[in-house]
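Each in structure tokens, the structures are laid out below.
After this come two complexes, each holding chain A, first together with chain B and then together with chain C.
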Partner chain A sequence: MAVLTQKKPTTILEKLNDETWRRKFIRNVLIPWLFIAPLLILHIYVVTVPAVQGIYMSMTDWKGVGRNANFIGLENYRELFFEDETFGKALGNNIIWMIFFLTVPFILALFAATMLSQIKRGGMIYRSILFIPYVLASVVTITIWKNLLNPQRGIGAALDKMLGLEGAFGIAYLGRPESALMSIAFIDNWHFWGFLMILFLAAMQAIPPVLYDAAKIDGANRWQEFRHVTLPGIRPVVLFMFMMVAIWSFLAFDYIFLSTQGGPGGASEVIATLLYKNAFFRFEAGYGAAMGVVISIFAGFIIMIFVTLRRRGWDI
Partner chain B sequence: MKGIKILFAIALLILALAPVGAQDVTTVSMWFGEGSTLDCWGPIMLEFNEVDPSIQLEIVPQADTWNVTRTAVAGGGGPDIVRTPGPSFVYEMAQAGLILPMDAFADEMGWGDFFFDWALDLGLVEGQLYSLSDELETLLLYYNTDVFEANGWTPPDTIDELNALAEEVAAAGYIVFSHGNASWRPSNEWFVGEYMTQIGGPHNVYKALTGQIPWTDESMVNAMEVLDAHMQAGWYGGGIDLYFTNDGATRRSMFADGTAAMNIEGSWAIRSLGEYFGETGQDWDWAPVPSHDGTDYFTIGMGNTSSINANSPHPEAAAQFLTWYFSPATQGKMLTNCRKGPAPVTISEEVMGELDPRIARVYAELSDASANDRYGYTTWTFWPPKSDVYIYEEVERVWTGEITVMDYLEGLNELFAEELAAGDIPPIPAR
Partner chain C sequence: MTAIGKVSLQDAVLQRGRSRERSRLLVFNHAVLLLLTAFAIVPLLVLAFNSVKTNLEIGQNPLGPPVNIVTDNFPNAWAKGHFATTMGNSIIYVVATIAAELVFGGLAAYALARKKPPGSDALMLYFLVASTIPLWMYIVPLFVQINALKRIGVDARLLLIMVYVAGNAPLTIFLLRSYMIDLPSELEDAARVDGANEFQVLTRIVIPLTMPGFLTVGLVVGLGVWNEFLLALTFIHDPNQYPVTTSFYKFVDRFDRDWALTSAGAVIIIFPVMVLFLALQRQFINGLAEGGIKT
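Now for the complex of A and B:
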């Protein structure tokens, strides 16, 4: 009876003196935090602290050498958005890059995955062949394609020779401002789309076959099956990859730097290559850090859109 | 049991004595790019270890050496000998207190006795010596002698002669200059610096570098317009778009097999020309890059510099290594064995006599040019970092027709003025 009338602890002192509360606190709060503490400390050390430092550095004139960094407030950001024409151009190229990668590889991957999901025997060979480019290092892929696209000894030159034409296909795709960015996107996509295809194929295989049977009984054709069964079934994976690809588009660097270094004449410049040049060639590390922060803000904005959609009930 | 005790005692004795032995030897570390250069330079540099056994050089191969070095040095570590890609990089490190002033070592070890005067001046930051320049470079007009002989051509002396010859070369179906920047985009700057010196004149470049005239001066506008005209004519690499896609191997091959007649490139190219011409059986020679008035001007550049890390526990030993490394004897040996561009020091005539006469002539001419006010400036050695990047990045926009020569030079002028005001200009030898 005494237990029933015992007062529930409300102040911190009362709680600390209460044995039941103490045990609960240790079991439900303290021990889980202790378990996660090593990882948390590591995360703070290698992610949070450098990230905060990066934000601070973006507000300094740090040259990337030594420790002299004067605080200059938002000056780097002002220059970035209101003075630096190359940044605007690079941002535009990033947006073109994003539009390309949110369409071309998705269409290719959806089509190939749908086709491959129908194959009962030997599908593994096709999957492997289409996936192999994804495991190649970017430097290898670029070297292969720089040779294939070479106007004098590449595929185009061979085609010209075979067809008796001159300069019809043997074009310096990477050397022309109007085609450089799209040529690199083509090369990157050659390596990337197989990865998307495997993800979509795995998602398609998780769709219960009974749904396709029901659709067939209802008289659905192939397109209607794809439209009303396959697409809704893989939608979470597709939308998640949409988010990831959009974020990755702002991080594009290696393929561009290894093929044209942003040229010719800045035609394939993106924010990440510009950041690298500012930080490591022009000794403008603070300014480069500001570009890094801007990329992070864009990524955060994209994530926010997806989180908002999820909160509104989208199945992402 | 007794045997085990004796063995134990011997082991303890060895352990106790080992550190004493180790303390007697000072190790000087140096980080160096991996690859064929190190394969040839490394064994010669390690000969230092026989000179004074109490100081041992340790060479650590590193990929992307400069970026690794500056990160390590900024973090308080790194090698004892800090190598940078040029004087403008030294300036930033000296300002940050990451490398040591070496004036006392220079006096004590007599560096002034074998370095050219202007060369030591290149290492000055606010009046103190922070670096020693290495790998003297200049740009040359290489030509395929087989192609020239077959067509009865001779190397041009003036820009007008070059223009006339280039038209003839192109009409005969050859590529005029075997070129391309696909392997190294900053190679654009070779031509900007060279045309400014040869057409604008080295004295005008000097005035612009010291802020006496703007980069939009008529002499510079004229130089850049000639370069643009040569590019638009397709003389470089066979066309602008091909220039942007030709890599190093392609341009060397097209020069060696006679597809191209000439090549404007640095003296470093000599190291690999033999390999390509050996395959084709043709031959090459060089001439000074033609100038507006026919005078043989040579632009001067430095491939890299050496300094002493401010965190080095034994700077004295590091300075002793530098004294040995930059001595005319060591530099001569590296020039003979590896065709390394020597540091700007006086190489003996005996060493020069052993060299391929074409190579010996490069350094003899350079020495003569620097003594007789016929030297010019390479952009990567004498321009501050932001202006230097601008020079090779933005010039592509001129060549692709996006901006005019005047837009380009106005942009350079604005950026250079900022760097000049900030005191970021590397030392410019007075003339």
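Now for the complex of A and C:
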């Protein structure tokens, strides 16, 4: 009864004194935020705060040790883009990497997913086996392929022996400047493309079969079926993965670091490996941080392109 | 009668023609898929073969199946690679990360999906934006921060786990929240009417009914941590705290020419993953497809 006769609290003081309001506040605001707090605080501490610090650090000449950090403005960035030739080379390699990963795994995955989607029986077995390389650790994948690409004992040597050739295929794919980057891309793709295929396959299976029946009635051949039914059906996934893979191309690290460390002579260097070496081997923390910001700007730029296209009415 | 018979005959002819065409097409499909399957699996077979050969045999026969099977490589690799320690470490990293991720992620996702306190939308936007921040933007300052904590005596393993949990936080919240939103709220209301408190609603109703979501997050996060290399390399410098990946990296560096040994080591690392993958194929594939769209 007392509750009914009470007038609604308006000022903060009244609210705090009001039992019902307090209970409501605890239940609808305080407890939910207590649930959220641990993960949020941890995330801010591990990601957001260092990210902001990274921007500041990139404008200093800090060596990673000691307190003698001088603010030097955009000097690191100027050096990166106008002086440091290794960075230019690394950026170029990132772009080559991106072109490779926006084509090869996509074509492979689209092709395999199309083949797989038409199969009724045994599809699950193919799906599982094709997916296996994706669950392997990068250290293991690199070990496997370092052996397979070995000039004396690898596939190349075996091929030479079979064909009676000498040193035609048995070459040091990872050790030669002209083939190092593409060989690592090949290895990473061996690990990666199955994942893409699974995503495309799932999207293809979500296309209503009625559409295929309609295409058949209209006399479409397989290519036309693919072009006018399958592709539009999986378009959102393909375009989204275009964006993700483009971003990932600027983050590439593991496979390159584990196989060649960017060598020989910078032939397979990318921004991430250069950043790692600068920050953790050469104690150029500020310079490394600047590269991290540059990578983030590229990533942000790619996201912006896609957001803009979507705003313009693209079905992404 | 005859008309119907005629139609069904025509149908049968058509059907046969179609199925013959279909099966011819499927032969092509199977041929392509078998080729791709070989591409995926043969490198792994070579690895398995070499792990049961002697180095002498690998020298003569580096790619084919073993003539004599030897099993010595496994205990050798286990001992020389310090797998007893590093396996234990990796298990700690995986289990602790999954546990913390599911507890804190579950709590946060529940609050965001059901309670929607003021500020929820802003928080979702925060996680959406934060999930696009590349690791490279914050790894150098984070390294400094982590080192400062290590110097005052915080266990490096705990710090690495914290980094893993935080890094996977956006993915976990998005995934678990979407599972919880799909859950009809009548069940929870019914439990409340029966006198259950918020915590009981969460543990007795919401979590059991969104178990697939928790399993997905657990698998994606667990596999990611088991295979993780870069962060472990950056933050763990005591060999007694190495996970299998960074330890194996140093191991391969040391025994570069001993293929039998390093192949056995590689098999040891992928063995637990393979067992789990074969046991939970569907969950693995669907889970990674659903949650694997992350850096």
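By definition in this document, the second predicted complex is superposed on the first by the 270 of 316 C-alpha atoms of A that agree within 3 Å, B and C clash if a C-alpha of one lies under 4 Å from a C-alpha of the other, contacts with A are read in each partner's own complex, and residues count from 1 in each chain.
Just so we're on the same page, a contact is a pair of C-beta atoms (placed from the backbone, for glycine too) under 8 Å apart; a residue touches a chain by one contact, two chains touch by 3 or more.
These numbers were taken from a predicted model, which means no experiment stands behind them.
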TODO: Based on the superposed arrangement around chain A, label chain B with chain C as either clash or fit.
DONE: clash
- [ ] Return first, second, both or neither, reflecting whether A:V47 touches chain B, chain C, both chains, or no partner chain.
- [x] second
TODO: Answer with first, second, both or neither: which of chain B and chain C does A:A214 touch in the superposed model?
DONE: neither
Open item on the list: Just checking: does A:G175 make contact with chain B only, chain C only, both, or neither of them? Give me first, second, both or neither.
Closed with: first
TODO: On the superposed three-chain arrangement, identify whether chain B or chain C touches more chain A residues.
DONE: C
Task: Partner chain(s) touched by A:F280 [first = chain B, second = chain C, both, neither] - done: both
Open item on the list: Looking at A:R127 after the superposition, I want to know if it touches chain B, chain C, both of them or none. Which is it: first, second, both, neither?
Closed with: second
Open item on the list: Let me test your reading of the model: by the given contact rule, A:A299 touches which partner, first (chain B), second (chain C), both or neither?
Closed with: second
Open item on the list: For A:W33, using the defined touch cut-off, is the partner it touches chain B, chain C, both, or neither? Pick first, second, both or neither.
Closed with: second
- [ ] Look at A:G66 in the shared chain and tell me whether it touches chain B only, chain C only, both, or neither; answer first, second, both or neither.
- [x] first
- [ ] With the two complexes overlaid, spot the stretch of chain B among 58-66, 130-138 or 238-246 whose C-alpha atoms clash with chain C.
- [x] 58-66
Task: chain B and chain C footprints on chain A, overlapping residues - done: 64, 150, 280
- [ ] Enumerate the contact residues on chain B facing chain A in the complex.
- [x] 67, 70, 74, 92-93, 95-98, 181-182, 185, 239-245, 247, 250, 385-386, 389, 393, 396-397, 399-400, 402
Open item on the list: List the residues on chain A that touch chain C in their complex, please.
Closed with: 27-29, 31-33, 35-36, 38-40, 42-43, 45-51, 53-54, 57, 64, 108, 111-112, 115-116, 118-119, 122, 124, 126-140, 143-145, 147-148, 150, 153-155, 157-158, 190, 194-195, 198-199, 202, 222, 240-241, 244, 247-248, 250-251, 253-254, 257-258, 271-272, 275, 279-280, 285, 288-289, 291-293, 295-296, 299-300, 303
Open item on the list: With touch defined as at the start, can you tell me which chain A residues reach chain B in the complex?
Closed with: 63-68, 146, 149-152, 171-172, 174-177, 260-267, 277, 280-284
Task: Residue ranges of chain C in contact with chain A within the complex - done: 25-26, 29-30, 32-33, 36-37, 39-41, 43-44, 46-47, 50, 58-59, 62-63, 104-105, 107-108, 110-112, 115-119, 123, 127, 130, 132-145, 162-163, 165-167, 169-170, 172-173, 198, 223, 226-227, 229-230, 234, 244-246, 248-249, 252, 259, 262-263, 266, 269-270, 273-274, 277-278, 281, 284-286, 288-289, 292-293, 295
